[in-house]
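Paired with subunit B in one complex and with subunit C in the other, subunit A is shared by the two complexes that follow.
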Partner chain A sequence: MAAAGADVLVTKIKVYRFDPEVAKAAHYDEWDLDVKPGQTVLDLLHEVHYFHDPTLSFRRSCRSAICGSCAMNINGRTGLSCNTQAKPLLDRDGYLIVEPMKNMPVLKDLVADMGGFWKAVYDIDPYLRPGADPPKGPYVVPKHRMDLLKIAQDCIMCGSCLSECTSREANPEYLGPAALAKAYRFVADARDDASVERLKEYSQPNGIWDCDTCLYCNEVCPMGVKPMDAIMYMREKAIEAGIHSQGSKHALAFYDTLLETGKLNEFKTAIKSLGIPGLVAQSPIAAKVVLHGKTPDLRKKPIKGMADVKKLAALVEKKRKGAKK
Partner chain B sequence: MKYAYFPGCVGQDSCAELDASTKLIAEELGIELVELVDATCSGAGFVQDVNYDLSLVLNARTFAMAEKLGLDILTVCSTCQFNLDRANDQLKSDPAKLADVNGMLAEVGLRYNGNVEIKHILWVLVNEVGLASLQRRVKVDLSGLNIASFYGCQLIRPGTLHKYDDPDRPEYFERLIAALGGKPVDYEGRKKCCGFPITFVNEEASMTMNAKNMVEAKDKGADLMATSCPLCHINLDLYQGKAEKTAGQRIDLPILHLPQLVGLAIGISPERLRLKRHIVSPKAVLERVQPKEEAVAPPIGGA
Partner chain C sequence: MKRHDVLILGGGLAGASAARVAHQAGADVAIVSKLSPLRSHTVAAAGGINAALAAGDTWEGHAFDTIKGSDFLADQDSVEILCREAPNLIVEMDHLGTPFSRDESGTLFNRPFGGMRQARAFFAGDRTGLALMQTAWEQLVKAGVTLYEEWAATSLIVENGRFSGLIAYRIADGTLEEFQGKAVVVCTGPGGQMYLKSTNAVTCTGDGTALAFRAGCALKDMEFVQFHPTSLHGPNILITEAARGEGGILKNAKGERFMEKYSPKMVDLAPRDIVSRSIQTEANEGRAFPGGYVHLDLTHLGAARIKERLPEVYQFSTEFAGVDPGKEPIPIEPAQHYIMGGIATNNAGATNVPGIFAAGECACVSLHGANRLGGNALLECIAFGKHAGAAAAAFAKKTAQIAGGEQILQQEDRRVDWLLKTEGGERVEALRLELKQVMWDNVGVFRNEQDMAAALAAVRALRKRYPSIRVGAPGKQFNYALIEAMELRNLLDLSEVIVMGALARRESRGAHSRTDFPSRDDPNWLKHTLAWWRGDRIELTYEPVRITQWQPQERTY
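Our next item is the complex of A and B:
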């Protein structure tokens, strides 16, 4: 091993190990490595694999952040090991810990079982549904429709977003950010003619309305894809198409109170969103609210500038209608 | 220090104690607040779900009002912070959009030039009031308490939008807690989702996350939790009983709003901070704290 110089740092790398054929429980192994500036976490894993322990398993292929194979959890954040430099992390945290992706079972060491990831992608029907035969020449798509795809088209299916998704963590049935970003890819695609049917499917439980808007997906995507923005776009389109779901009911209830007073009316939103049976089910919560003097104001007064708010709402509506034509 | 104060809807309604405690600590700490009484709701993501364009115009209207006052905006809610920031970022980076929005604002006699910044009170306390100055004002000894922070997702992510904290290693809240004399609790859940946005859609999933974060904090020794978002507060406090059922265990973790924690430390009484409004009572925990020894004794005949 080379001696540590000014720009070479001898450090320990701690790696998650699991081999179901050897032991039921996982453990961590540590190796001393020289970390040179510019080295990626994948470089270090290769070094372990070549010189210390050939049994260490991990996925990788292109080493150029385009194949999406090497996503893993590095110092608590999921990302591609091939475009994550080790030294800045060491400088920040003083350690390096590499673990497999979360929200997926582990097959061996750093290799996660992506079966659930792919199942969700297939569940959204990731194939074009054109309404007519394809044109003889190329499809001509207006620029503003192409621009819509920017937030989703760079997805490399690495799984980083699903690994960090807090909604998926609590509910393994939730389709998750990557599959829904893929769904958006078709909803927003000018060549697809099934967007309303698609939005109906995606508005089912465990679809677009189950996103908790925690922003982890937008944050960790190594390609700058914005799955949460894609999900919010589909929600708006689903409401526009009049597709009913518990999620749309709640958003509309909230929205209606804004148009009445300029502010959220918590009381009315709860009543409209839950309905009478829902309110009965929530009666223990309601009782606590009343007992602690936290009852929200049912008859909220409109803000002074309410006339202006209504005027602006009408202007926006006019623009939206104009854009649709 | 003077700000256009954006109290948020929940902060003045079911969590009215947030607004009350914010005004109390602002007065103590010399932060002058000019309340934007005529501002609309930030949209909280729900209005954006229905009509993003309207949320953008209404938030621009709010910015224009602050700009007219020559003030930056202060928020006390992670959700308001994100939704205002997102709109502001779009208006500042897209001149065509700004022109389009200004075309509409002109109809109500307003214009936004893109000169307003939006800051959460957590950032203002750390960066502008200053931790050393806060430390000097501490009158109550919180050193016996392990205090867990709860940021609310939208105050730390995305890192590209919020310029202060590292989304992977947020520390503003921990630094504040330490300056106030408490012991910050190091736990992963502080960065995660409380579940509130989907409580009305998938209560089971919402309560699963809610419970997980609180149980983790308790396991790491938390006596108390403080949050920078009133929507998180609703799930953490009001729904804690439901979270306990989901977790199959008692949690019993009192949840304060960030300004209430600051207020307690600098000697504002629990009554004035309206701590009684919380569902999970902080009374037992607060009985353990005492005035600081070096504090000057109150004058004879009254405190």
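Our next item is the complex of A and C:
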């Protein structure tokens, strides 16, 4: 190994390896590399692949954070290897570990199977569904209306959000943040004429109401896309359009009991969102909850400052009615 | 064996446009791409797409600017088609869903681009390529076009002078398979990875261009290689021309706005060939920063405007150079960006081999001649992608499938097998780096006889060394080392064509700038270069430029 200069750091890079042609189990390999300022994690992987071990597999193309090929798990957080600077990460953590994305099967080394990712995107009807004949020129859509798309339109389908999605981890059928951000992109598009149909479809199980609002998708997106904001927008629009599902009923019941009593009454919420037959169907889960000692605490007191909460709720209602007009 | 009427090789904007139209014409269409379509290099195109759509603009104005930009080497009938169709294509893409930036009244925004006398580049922020690619991909999904993703084509099959199919390698599991088809549209995009400094993606290795070349298609004007003036110093990531369209200023190490000297009229928005040469001259004469870069100054625009209009420039500068463009100038240098030349086609995208069509950057109609203007590449992908798709579907309709790719399949199978097992002494990446250095040093922004003769000898020597390579990875699944070895062969073949064409062309025109022949020479060189694969050697021939209404004139800005 060459002697390191002042700016050069000699370090180990630890990489997840899996080759189903060779062994059933995965392992990690390590290489000593010189890390120069400005080098990205992709640069280091290229160095390994080109000069140390050509069998190392990873997807990449543009190396400028726009093609979405090279998402992977770097020191425990999913991101693009091409725009992740290695040295600041080493300075912060003291190590560098590169692994494939989560929530997807691994095919080889850092190559994840994105089949499930793409399937969800296909499932949301990812194309404009315009209404009657388009105008002669471009659609007349004012800037502020087109700007609604901004929180979603730069998605490069890299999969980082899905890799970190806690709802997807619990429910592999959940459409996930990227597909729902794509869905939002059409719901919010003034040129699309199918937003009510779309919201009905997305309100089905495994859709917008399955997000557990952990915010990781917004946090890790390398393009500043905000899938969770997009999902929350669609929830509001669904309720406004009177599209009700177990999820929306739950949200409304939650809201109502909070405003009525100043505390969350799980029993009331459950009855309101599920109805009696639903409650009966859910009783095995309720039994499990009790068995695990997770029975809601009936003694809890209403929150303080209920008057302010009610004022706030009234303000929001007023604003919402104003926006509708 | 798989079979479709029309095969589209490559799933970028040209391929997706071709596929959409061929599908609409009733053909059974399949896209074969070594990437997923949304990973195609189209998404890296940033600044805009040109059209004479604004009030007061004319298609003739757009056409003249394009032809003058091309240094009069573009075929003018082809440019006329491009510029006449452009406004409707913008409207069409808007109707299909592209979120073009617009003002509060709903009118689409446009901005000035290099070499254009009028602001006519329409855009979606500074991620116009991404936005157009998304729309084109969405339409493929809607139509249900068959996609073979992560299949790398290794060879086009020509039987009795006619296309009959192709062989492709499935990256996921190492399957080699014959795809029969009546027609193919080659849309594999850029191939600039033979240059050390390039804005191209790592995967831009000119595969389709090389495959078509070896299958008998002529390559046209390959010596015309565009060097983009503003790539980020170091990683050579593209800083879009839109940065100057929005008011960015180039400054040398002495703080001088040097473009005033080289282009008194258009200054920083002169065409790319001129700006790149100006930067290179500043560097050669000692007025660049150490390492050869100059500054692109956006600070006077303010952070808010930069984030609104140029979010990608903001992202790239901060992430890759640690520079906040609202506060500091961006360090930039020229880098290979685009190849004007490519697979020679007519206005319908047809090549000299029946059944083989081509469109997009890998093709040469010729729309860009000796130098392409910014904002015309995305336009070409849609306009001529559609023409090629329609022509391929029509060709397929009146043609019967020829069978018989079995022999080629076996030959390709042996070649892959050899690559997997060969234990030569040459590392693929070492050869590739040598090639990149040779091409950058000797066939770059400025060229001369001596350097290019050395480059030709070096490229030929590298081609001779290719049989001694070692892939070093025997696996069948996601063996990217194997793919890189195949890509290297393509880069080597195309490099030889570039150098031969450049060495033969004893003049300076557009991006081909020779210090030993500094002037344009219309009497001798107002003609297209055609390169032909003859198995053991490459042959050059020439054909005239088609001129309709704009006679060549002196090109000053």
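Just so we're on the same page, the second predicted complex is superposed on the first by the 257 of 325 C-alpha atoms of A that agree within 3 Å, B and C clash if a C-alpha of one lies under 4 Å from a C-alpha of the other, contacts with A are read in each partner's own complex, and residues count from 1 in each chain.
Rule of thumb we're sticking to: a residue touches a chain if its C-beta (ideal position, glycine included) is under 8 Å from a C-beta of that chain, and two chains touch if they have at least 3 such contacts.
Values in this document were obtained by computation on a predicted structure and should not be read as measured data.
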Contacts of A:V35 with subunit B and subunit C, given as first, second, both or neither: neither
Partner chain(s) touched by A:R63 [first = subunit B, second = subunit C, both, neither]: second
Partner chain(s) touched by A:L96 [first = subunit B, second = subunit C, both, neither]: neither
Which of subunit B and subunit C A:Y122 touches, first, second, both or neither: second
A:K263 touches, of subunit B and subunit C: first, second, both or neither? first
Partner chain in contact with A:H144 - subunit B first, subunit C second, else both or neither: second
First, second, both or neither for A:T166, with subunit B first and subunit C second: first
Subunit B versus subunit C as contact partner of A:A251, first or second or both or neither: first
Subunit B versus subunit C as contact partner of A:V289, first or second or both or neither: first
Shared subunit A contacts, counted only where both subunit B and subunit C touch the same residue: none
Subunit C - residues contacting subunit A, complex: 35-36, 38-41, 43-44, 90-91, 94-97, 99-106, 108, 124-125, 127, 130-131, 134-135, 138-139, 141-142, 172, 201-203, 234-235, 237-238, 311-312, 315-316, 319-320, 427-429, 471-481
Sites on subunit A touched by subunit B in the complex: 75-77, 92-93, 166-167, 169-171, 174, 205-206, 209-216, 218-219, 232, 235-236, 239, 246-248, 250-252, 254-255, 258, 262-264, 266, 273-274, 284-285, 288-289, 292-297, 300, 303-305, 308-309, 311-313, 315-316, 319-320
Subunit A-facing residues of subunit B, complex: 9-10, 13-16, 37-41, 43-54, 57-58, 61, 82, 104-105, 107-108, 153-154, 157-159, 166-169, 188, 192-193, 195-198, 200-202, 204-206, 208-209, 212, 238-239, 241-242, 276-279
Touching residues on subunit A, where the partner in the complex is subunit C: 19-22, 38, 40, 49-51, 54-55, 57-58, 60-69, 83, 85, 107-109, 111, 118, 122, 126-128, 130, 134, 136-144, 146, 149, 153-154, 156-157, 186, 189, 191-192, 224
